[in-house]
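Okay, so here's the structure we're looking at.
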Amino acid sequence: MSAAGLHVSSEVLPETPPKGTRRRISAPTVVGIFLAAVAVISILRVVTGANDLASSGALAAAIGLAVPIGMAGLGGLWSERAGVVNIGLEGMMILGTWGAGFFGWHWGPWAGLFGAVLMGVVGGAIHALATVVFGVDHIVSGVAVNIIGLGVAKYLAARVFTGAAGGGPTQSPPVADLPSVTVPGASSGLGTLEQKHIFFVSDLAGVVRSVITDLSVVTIIAVLLVVATWWILWKTAFGLRLRSCGESPVAAETLGVNVYRYKFLAVLVSGGLAGLGGGYLALVAANIYRDGQTGGRGYIGLAAMIFGNWRPGGLVSGAALFGYTDAVQLRGGGTTVHAMLLLLAVLIAAVGVWQIWRKHAVVQGIIALGTAAVVALWFVLSNTVPDEITGMTPYVATLLVLAFASQRLRMPAADGQPYRKGEGH
Amino acid sequence: ACGNSSNTSTSGASSSGGAAKVKIGMAYDVGGRGDQSFNDAAAAGLDKAKKDLGIDAKEAEATQGEPESAREERLQQLIDAGYNNVVAVGFAYAPAVAKIAKANPDVKFAIVDSTDATGANIENLTFAEQEGSYLVGAAAALKSKTGNIGFVGGVNVDLIKKFEAGYVAGAKAVNPNIKVQVKYLSQPPDFSGFGDPAKGKTAAEGMYQNGADVVYHAAGGSGGGVFSAAKAAGKLAIGVDSDQALTAPADVRSVILTSMIKKVDVAVYSFITDVKDNKFQSGNKVFDLKAGGVDYATTGGLVNDIKAKLDAYKQQIIDGKIQVPTKP
Amino acid sequence: MCTITDSAIAQVGTGSSQAPAVELRGITKRFPGVVANKDIEITVRRGTVHAIVGENGAGKSTLMKILYGVQRPDEGTITVDGREVHLHSPSDAIEAGIGMVFQHFMLADNLTVLENVVLGAEKMYGIGDKARARIEQISSDYGLDVHADDMVADLGVGKRQRVEILKVLYRGAKTLILDEPTAVLVPQEVDELFDNLRELKSEGLTVIFISHKLDEVLSVADDITVIRRGTTVATVDPKAVTARQLAELMVGSELPTPSTEESTVTDRPILTIRGLSMPGAGERPVLDDVSLTIHAGEVLGIAGVEGNGQAELVEAIMGMREPSAGTVELEGKDITEWDVRQIREAGVGYIPEDRHRHALLLDAPLWENRMLGHQTEDPNVKGPWVDAKGAKADTERIVREYDVRTPSIFVTAASLSGGNQQKLIIGREMSHHPRVLIAAHPTRGVDVGAQAAIWDHIRDARREGLAVLLISADLDELIGLSDTIRVILRGQLSGEFDPDNVTAEDLGAAMTGAGARHTETATEGEPR
Amino acid sequence: MKALDLRKLGLAVAAPVLAILVAFVVTSIVLLAAKDPVGAVWTQLLTPPKPRLVVAIINSAAVYYLSAIAVAVGFRMNLFNIGVDGQYRVAAFAAAVFAGQGWLPGPLNVLVSLVIAMVAGAFWAGIAGWLKVTRGVSEVISTIMLNAIATALVSFLLGKVAKSTSGSNVTNTKTIPADSQLGGFGLIPGTPNKIYTLILVSILIGFLYWLVLNKTRFGYDLRATGRSESAAVASGVNVKRMVLTAMLISGAIAGLVGMPLLFGQDFSYGTTFQPGLGFAGIAIALLGRNNPIGVAFGALLWSYLEQQSNGLQITANVSSQIVYIIQGVIVLAVVIAYEVVRRTGLRMEQRRVARELSETTTAPTPEGAPA
């Protein structure tokens, strides 16, 4: 087994069109897609009356849930762009939560943030040592980092937090809050507008309001980090070298690039970002470290990154999709998710029609239409979704989007392949 | 019931002296001593017994996702180490207790929260969480101005549903038209809902923004998120297991209307005294309102104005005039 | 970091130093189980094209990698411009003014030409517009016809090679190493490349050039060094030797004379293709109504510039791709809908163009590679079970009969030199007595001796009624081996050429469309 | 040549020994840094386990083994099935519901339930496989998602079918009839505890895994696909079908993971059914390098550490969480050690060849020839 083929299969499968079909999404398109999404949700809200679908609260919660996932994903992006598969994000994130708790408790929340990054970097260093220096399989190392991260955090937590006021073996004492930002006048003004529930306008107001109300500095830092990542990786010589290590390390080597150095650095940054994601969980989403606080978000971050086709913009949309659907199900529970059933039915029906009409795939089309009818029937016959089921919303949504969106995922060509200097020419 | 006063060392080191010392082995559930919640409450009972009765104790805790054999082994090792009275904290221990109790008929067992393990040497310490929850439900309804309250459950298991059932019943008793928003954070066997403050916060925020003005949580460590959400929204929250107005971080204590106290410490303490006084009795011992096993907290004074009404409900339950449901 | 600019290049031309550009003394390099280089002695004069020839596995590539700092010699010294250098990494070599074009191109497919070129040399012109301008300038100066913002994945082989050369020029290298640069090029491209080399030479640059094509070597080189079994056996003057003498130097013994063959073509059609079409990514189809028939005992050669549909034709025949129209018949049976396995079991042998991707499991031992593609046939399996003993024994036989140079059949395929990998593949395919052989570039990268042997194997099988579809960039091979030749251009097949009276130049013209229209250049034949 | 073989043997032994040594040192350093009693910890971990613990270790290893083999099947063709966790839970639930009905007599009930578990596991994994071959969805994402979906779905269905008694606080499916409960083998003297009857399934699966992968055409195709998809396609492997088949097989084996627990211990599926077995399986498969024997050792080591660390709190007053650190470090140390040893071996070989060649320099053409 080697990590190399991890995601390769989907690309090499026959019948996929030849490589070279690249689509660049321009800025106006992004705005267009965004407005269209708001419009769709707005229609859904008006039709179903599930007001929480586009409330600023839901969106703010979505942001809150998306940031840690996004940071983990961004960490994955750095590492995998340099050719190191990072399944260890979860472990690095866990280390980050502990670092935030420990440093934050002793030296305040900003130190906590630093501690989170630092502990994440430690996790990254383990991964880098194993994969880059010793050249072992990336998956093995990542899995080991997950286990070690979990163990170190739990063990150290039990060691240092036990007996501290408000702390215990499984949680740190409380840490003070980090500042957050609200644009005063605009926020309340938009709030009023939002409450009017006017089609589209109120929804847009909700969106805008969610980003100018009580926005944590860490969220702002996270957004800046996404932009900075894009700029560094795609617009600087450093980034070019780093990416070349993920695309073709032997080629980079023959041009004098010290591949080890870039890979090592990338994995360290990766750990730092994942750690920051953990720090967000401990410092912003809560104000303590707790065992198991990450709840698998490192894996979700990895999924968001793959979802986003190893690009910053893509991973942000992956994290946002997940964060939004998770927020909506956590807040509105059955009724809001119930409203989404309608959207699902319409989407599946559209796919069915498209398949029959354009692709002449009658059988698949009929299956899709049938499925749509069942979902629609479910929508009509019930007025809520059982609570046990709502929890799966973000996961189902992610899967559906992946399954329906015609996708051409392409990971960095040498992602996951062990690299040894001077070999493989 | 809290860990802030307990000190770092577990009591193993302090075992010495008197030959007749009662020996207690404690097997905690996942999270263990210091979880600021359920396990800590049990630990408090043990600590009190140590102080008052001079017993000798040994503690061990479960790890997430361990095999059944690990729980059996834990109990057996405590016994092997000479701790011939064993308290198993949490319903997950039921099969293990049933098995090990059979193999060790001379050892006395207590199991918290479960009636599944039975035997001549097993005492079941169970609680009427629904009764305490009924009272805080009533308190929520009495305090709610919007006629809209919330319940955040950590993990969707039967135990937590008891909390929900009592809470809803209590609220409806006060206001039959009250709206109760209910959310569970995770589904078993994913127990992350007991330790994910971010999710607790998101769920509670949603409830407050949807009009709730009091939210009750039975979500262990995720409850911290519920309190933060209450504070941010300027609304109220209700704590669980221990008197959280005393144990929660100082800055959120002011939003805690009351707490549903589940006195695991009392139950554990009573088991230990029974053992010590040779009054051990097998079978189910229900810690309900009547027995003082559950209660609501008054710390902070926010319920002072409705205390009389709550106490009236309490009396009715004790008198059996109100039957609180255990299922939602 | 290399900061040599074109002004530095100019100086070299004028400041005619007496010291040789490169001197290799006593170079020895060992790999597990093999000594790749042993006491190599070479002197390369400045401003010359110096060719290095040798059999497969002779150690040429290894030597060049040592000179480029990719591998460290175990013994020996390297002197550049009279100064002894220690090359620990390619950066050291670049700094010493050495650049290398690897045979397996060192390009990142998913980066643009610009990114590939500036990588590692960002300090020279940055990674932005200045670099772009510089690239376009070099490209037009040397007529390379590459564009900075093209995606490398979209480029054909010839262009990729020119990107590689551009990379080296961009860094202002004074000594260029080209490892088998012509193996993938058609004659016109080879001519262009040689023109480029001469131009470089005239500017004072030194070129070290590896090739198996001895005619080319003789035409372009100023000096020729022959390596045999890891050690230098002679350095000769191209004017004083013939290709045949050179070949014998390489092999160390007399070459078998290629015998002129009687035609063995029968009138029994084996493989018949009718109206095969396949849509492309863009407007133009990659295969456009292709029809052909190959008879028992016939070799049908297909000439064409790479990327004109050869790969798709082969993959359509092999069942790896679905054509949109048309049929493929094997001895009258319609096999268009069959899958790869059925087709192979029906007796279609396959020598793919890209052996690393399609013909080998690089990390698997040779004997497991021997099974690949025939994992349902004797002697590899017995019913559903793998017959390891049979496969191993037969691998030993192939290694013997096809002269695969390997320490054992248990080493991984990756540890064989390219030519030896190819011999193993051919041995494997021929061992199953195919009725049709689809051979894409069967002797690419294979030395003259082995090439002759492979040809003999194909001829022998042909005599027994094998039908061969031969795709090759080596026009001499096509002409020498084929009974019929057809040219593929933009997915369409031309009429038939008779190999007895067609010349390489004629074919070259037809391949680029110049024969018909005289308007287009060779490079425009590359559709991607 | 004899000497060489000895050296080879030495190298083969060197890797695991080195790994365990490294894990030992690293863990000791962590313990020292945290000021925990190092000696007491090792004493606890290295004391030979009591008979009943031996049984627990073997039982737990039998379960882990199935999980690891399920993962390994995927790994052998470069499929990363993170979804074993969800698959075995779906399967255990389905089997428990069926077995609980007791429609069939004793052993037959067990057998049919095993089949149902395999089908359910294969179905759940098949969704990921199907999404991959038809929609190109990375199995890494889909199996992560399907794990979470399985949790919700099983929880929902459990709520529908379970009967719960008040005071129990556990939701379980109907207990399977006594004649379908498997008593186990009393192989270890000195304890009444039994080894799961269904350890036979683990052994059988391990054997089949070895047999099918290494000795059959199908296994060859599967491994070929894992090594080079493009070469496999050209050799006639239908890669899409292979991906789906591998996923189905992996899922079917995953479906068996919960069976020893179901029929040998819990007798029903409920909220306390052991979770997380799939993730342990990933680590163990990697630890055992996807080799059936290696994985068996990995599973034993894993459960040995787990069971032995259980007593740490009682005997050494140290948090048993340290075991995660040990396990993680061992996984890393093993692969690093193998890598280092492999490279050392290569270098030794190289030096040997050089020496042999220099001894025969006078011979005319040893160079370049196979040595």
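Chains here go by letter, A, B, C and D, matching the order in which they are written, and residues are numbered from 1 within each.
Here is the rule we use: a residue touches a chain if its C-beta (ideal position, glycine included) is under 8 Å from a C-beta of that chain, and two chains touch if they have at least 3 such contacts.
Keep in mind the model is a prediction, meaning the values are calculated, not measured.
Across every pairing of chains, the maximum count of C-beta contacts belongs to A-D. Taking each chain's centre as the mean of its C-alpha atoms, subunit B lies 75 Å from subunit C. A separation of 44 Å divides the Cα centre of subunit A from that of subunit C. Taking each chain's centre as the mean of its C-alpha atoms, subunit A lies 29 Å from subunit D.
In whole angstrom, the spacing between the mean C-alpha positions of subunit B and subunit D is 37.
Residue positions of subunit A with contacts to 2 or more other chains are 14, 169, 296, 388, 391. Shared interface positions of subunit B, i.e. residues touching 2 or more other chains, are given as 61, 64, 156, 186-187.
Across the assembly, subunit D contributes 148, 151-152, 155-156, 159, 230, 233, 321 as residues in contact with two or more other chains. Listed by chain label, the pairs that touch are A-B, A-C, A-D, B-D, C-D.
Contact residues of subunit D toward subunit B in the complex are 52-53, 55-56, 59-60, 63, 89, 148, 151-152, 154-156, 159, 164-171, 192, 261, 265-266, 271-277, 303, 306-307, 310-311, 313-315, 317, 320-321. Here subunit D touches subunit A in the complex through residues 30, 34, 36, 72, 75-80, 82, 131-133, 135-142, 144-146, 148-149, 151-153, 155-156, 159, 226, 229-230, 233, 239-240, 243, 282-283, 286, 289-290, 319, 321-329, 331-332, 335-336, 338-340, going by the rule given at the top. Those residues of subunit A that touch subunit C in the shared complex are 14-15, 17-22, 236-237, 240-241, 243-244, 247-248, 250-258, 410, 412-413, 421-422, 425. For subunit A in complex with subunit B, the touching residues are 52, 55, 57-58, 61, 64-65, 68, 161-163, 165-171, 174, 214, 281, 285-288, 290-293, 295-296, 326-327, 330-333, 387-388, 391. Listing the residues of subunit A that touch subunit D in their complex gives 1-2, 4-14, 16, 126, 130, 134-137, 139-141, 143-152, 154-156, 158-159, 169, 296, 299-300, 302-303, 306-307, 386, 388-389, 391-392, 395-396, 398-399, 402-404, 407-409.
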